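After this come two complexes, each holding subunit A, first together with subunit B and then together with subunit C.
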Partner chain A sequence: MARKTARITALLCENSGWKAYVDAAAEGVEASRLLQDLDAVKLPCSGKVEVGLILKLLENGSAGVLVLGCPKDNCTFIRGNYRAEKRVGAAKAALREAGLDEGLVRLDFLSSLDSRKLIDAVVSFKGYIDDHSRS
Partner chain B sequence: MITAVRKPFAEIAGMLEGSGKVLILGCGTCVTVCMAGGEKEVAILASTLRLANQKDGREMQIAEATIERQCDREFFDSVRDAVVQADVVLSLACGVGVQFLGEVFPDKAVLPGLDTKFYGAAVEQGVWAERCSGCGTCVIGEYGGVCPVTRCSKSLLNGPCGGSQKGKCEVDPQNIDCGWQLIYDRMKALGQLDRLEAVKPIKDWSTGRHGGPGKIVKEEALL
Partner chain C sequence: MIGVFVCSCGRRSADAWLEKVGAAVAVKHFFGHAGLCGPDGLRLIREKSKKHKLGRLLLAGCAALQSEALIKNAAKAAGVASGAVFPVLFPRRSSPAVAARMIRQATTGLQLLPVFESRRVALRNEVLVLGGGPAGTEAARQVAAFGYPTTITEPHVLESLTGGVGNFSARLRGEGGAATRAFGAVVIASDGTAGAASSAFRGLVPLADLEGHIEGLARRDKPRSAALILDLEIDETKASTAEALRVALALRARYRIELTILLRHVRVSSLGLEKRYDEAREAGITFVKYDGAPRIAASPEGISIACTDGVAGEDVEISVGIAAVSPHGLHAPAERALGEAAGIGLDGYGRLQENNIHLLPDQTNRLGVFVVGPCRGEFDGETILRDARAAALAVHQLLSQKELEVELSHPVVDGDKCVLCLTCIRSCPFKAMRIFAEETRADCSPEACRRCGICVGECPAKAIELPAYADRIVLARAGE
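Moving on to the complex of A and B:
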């Protein structure tokens, strides 16, 4: 299936990434422009991310999947972000098996106050995806 | 439960090469519990195959389904049409399910997506360990509840070999406990060490795999 757009998907922990995203989106025109190619999805915890969900998003046309969870050892659900780390690792392994670039999925950690870091993470990931496009 | 792990992706992709319509069929019982061939694993494998096919420009229609069990005929009814429409069915069941799928649909090509391992228990989350070899004549009661056939790498019935070191087995000292150390510790705790003084006769292995394919007939259950 050919992708029509180079949009990326962000799977955001509602306790950190999602709050940072809401703040970032409200920062102004420039921030909105930087986030315009992002489809943001709120998760109850980054530990809710599933290998199958990441692969299904890529299969259905997302150019890349960015998972943003709470900083290490600061997860509301204690170890959800460690779980996310393992699941993202498994998704990367599946991508390698499929002969694809494992960089199509990325995990980062930030606090709910890090709206600037969120924008930087999105811009960095979008830049990588644009340089390694599958289409 | 029967435990299994998924075959390497390259092996699966190789088996499916040239297939036009593929049904990946999961099993909702043992291999779901050991996270090898349930609904989630079917979806992950299907997505991985589709992504690989997209990348390489291969045409392959991949359908997904999971039934309660692949070792009972009636559960196949719900996927009969999907099986008929597929060129090949990749079963994510244990070896029992794969073969029985082929028996229920004798005209259909069936392939195994898993490597079946052993009868095991979930000793902790994400870790399964072998506990039974299906020898057909259970002797666990004579050994304090620990099976010497399975837990001893050499299936010894009359005490440990010389390869038992610090409670570990010489076959793999890092990962395998000495089965006889386990038996001794358990029977000591139970106050039954004296039972180990009896010499056990040679076991009749013909009740298990050495006697050929097994069969159980329960007369009162026959129609």
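Moving on to the complex of A and C:
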């Protein structure tokens, strides 16, 4: 059965996730097709994500929210990624409490050079979302 | 007026593709071109911007359009500020529908984006150097040589450091009470007290006390063998290795003591250190590179040390008359107070400079405050001096600008929602948040702020907004 592919939102830290995304966008056809199903939004730091924003994105029809920040202790803003971790945890708790799947939100850490890891993260998250998609 | 420029380079039927994108985007000023990053593209941008009086430009295409230089050139061609040019990135071979969707999202976001003004902030030229040791004197000497009025003082006189880059107010204790003085930049170069390792039992002494201890013993009580143990608490520095080698060679030469040095890594990447290591080997000093934690216990002879030899992969047990542990790199309580007074973050060992690669070598979480030498865990002579020179250069690089141009895109605080809970002040990594007394609300200093948005995410009252990344803009860019 042909199903419309679910669109996921990627909140990308300007210093790592976004740079990896720019590299990945220049890669082969397969990667490119994958990224076309992604609404990529650049944020100054993964520490900027808010629980409210994540929930609002899901409410607005995003199938899942993937937050990508810098590796631990490598945040340009010193501790932003630790804060992102805390807040994504809080968003997961909120989803759990509402009886929804906490897997709809995911946080990953990657380096700006690691476009391969970005693609892997998107593939893995998209696979999860397609399996657990709310319809 | 927003102009959308779309690049169609590398596409087989570029015109048909552009037409489809244009139809799907449906904006008034839509221009397609193959090779927007080239001179023809810039010409197109110049002509169309002039003709249609475009205030903001959207450049959509491949990653080449993301380059800062290109954005600058395009802005120049269009006669607008660089901040008014926004790149949109298409993944390779995007379909017209995907391209159009991305452009629409970006255009909606762009329409919501406010225009930011800039302000010029003057930088004072006075420099404060805290610390009168080798690190501090060298830093002060170098800074003064650049022509900045330099004040050098002991670190403990600092009571508090408020303000931001270019205009710090330092409250300094003095004989006639505390005085507040203004500085453009601050260099912290305290000597860093190595925590005194207290001896758990007889026969175990701090490395620094070993020579004196042995010297004080009667001739017949002098030990025949000794061990120096490094890297116990943390991976130590080159300075620890240098000191251990010096002590070991001296004891060997003076009292013919059998010496063993236990460590995880021999650090010799400093001037003359490898040579000294070779000398130690030639003098018959044994090196054991251990894995895991060594077990140190009292024995009839003195001290017994059991550990796994990482090179041979075997367990070894050494019995010596006396053993010394290095206090280098142990917790330094003096830095904690200084860190609090200066608003500088500490690393896991309580030293001044958070454990973050972006801060190396001399930056701190506060723009305009630099750290040098022992207080940031560098004890090696050469490195300390190099640190001091690097920090002086960094001060010069900052203050020689005379003034900073600051874009007023910093977070804004809604006074009606702010309840002065101080969460933003606590969570701001750069000490940019403060209390704005007149309106009893938190406030952000645009000079110190680095626009990370952490305060926005943390504020429990949702009173803070980073205008360029307001929720409505993020939502517009994420959906339709």
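Here is the rule we go by: the second predicted complex is superposed on the first by the 130 of 135 C-alpha atoms of A that agree within 3 Å, B and C clash if a C-alpha of one lies under 4 Å from a C-alpha of the other, contacts with A are read in each partner's own complex, and residues count from 1 in each chain.
Note that a contact is a pair of C-beta atoms (placed from the backbone, for glycine too) under 8 Å apart; a residue touches a chain by one contact, two chains touch by 3 or more.
Computed from a prediction, not measured in an experiment: that's the story for all the values here.
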Partner chain(s) touched by A:Leu58 [first = subunit B, second = subunit C, both, neither]: first
Which partner, subunit B or subunit C, touches more subunit A residues: C
First, second, both or neither for A:Thr9, with subunit B first and subunit C second: second
First, second, both or neither for A:Gly103, with subunit B first and subunit C second: neither
Contacts of A:Ala94 with subunit B and subunit C, given as first, second, both or neither: first
Touched partner set for A:Val29, first subunit B, second subunit C, both or neither: second
Subunit B versus subunit C as contact partner of A:Glu50, first or second or both or neither: both
First (subunit B), second (subunit C), both or neither touched by A:Phe77: second
Interface residues of subunit A shared between complexes with subunit B and subunit C: 50, 52, 56
Subunit A residues within the subunit B interface of the complex: 1, 50-52, 55-56, 58-59, 94-95, 97-100, 134
Residues of subunit A defined as touching subunit C within the complex: 9, 11, 21-29, 31-33, 35-36, 39-41, 43-45, 47-50, 52-53, 56-57, 60-62, 73-80, 83-84, 87
Touching residues on subunit C, where the partner in the complex is subunit A: 62-63, 66, 89-95, 98, 105, 345, 354-359, 365, 427, 429-430, 450-454, 456-458, 462, 466, 469, 471, 474-475, 477-479
Touch list for subunit B against partner subunit A, complex: 9-10, 40, 43-44, 47-52, 54-56
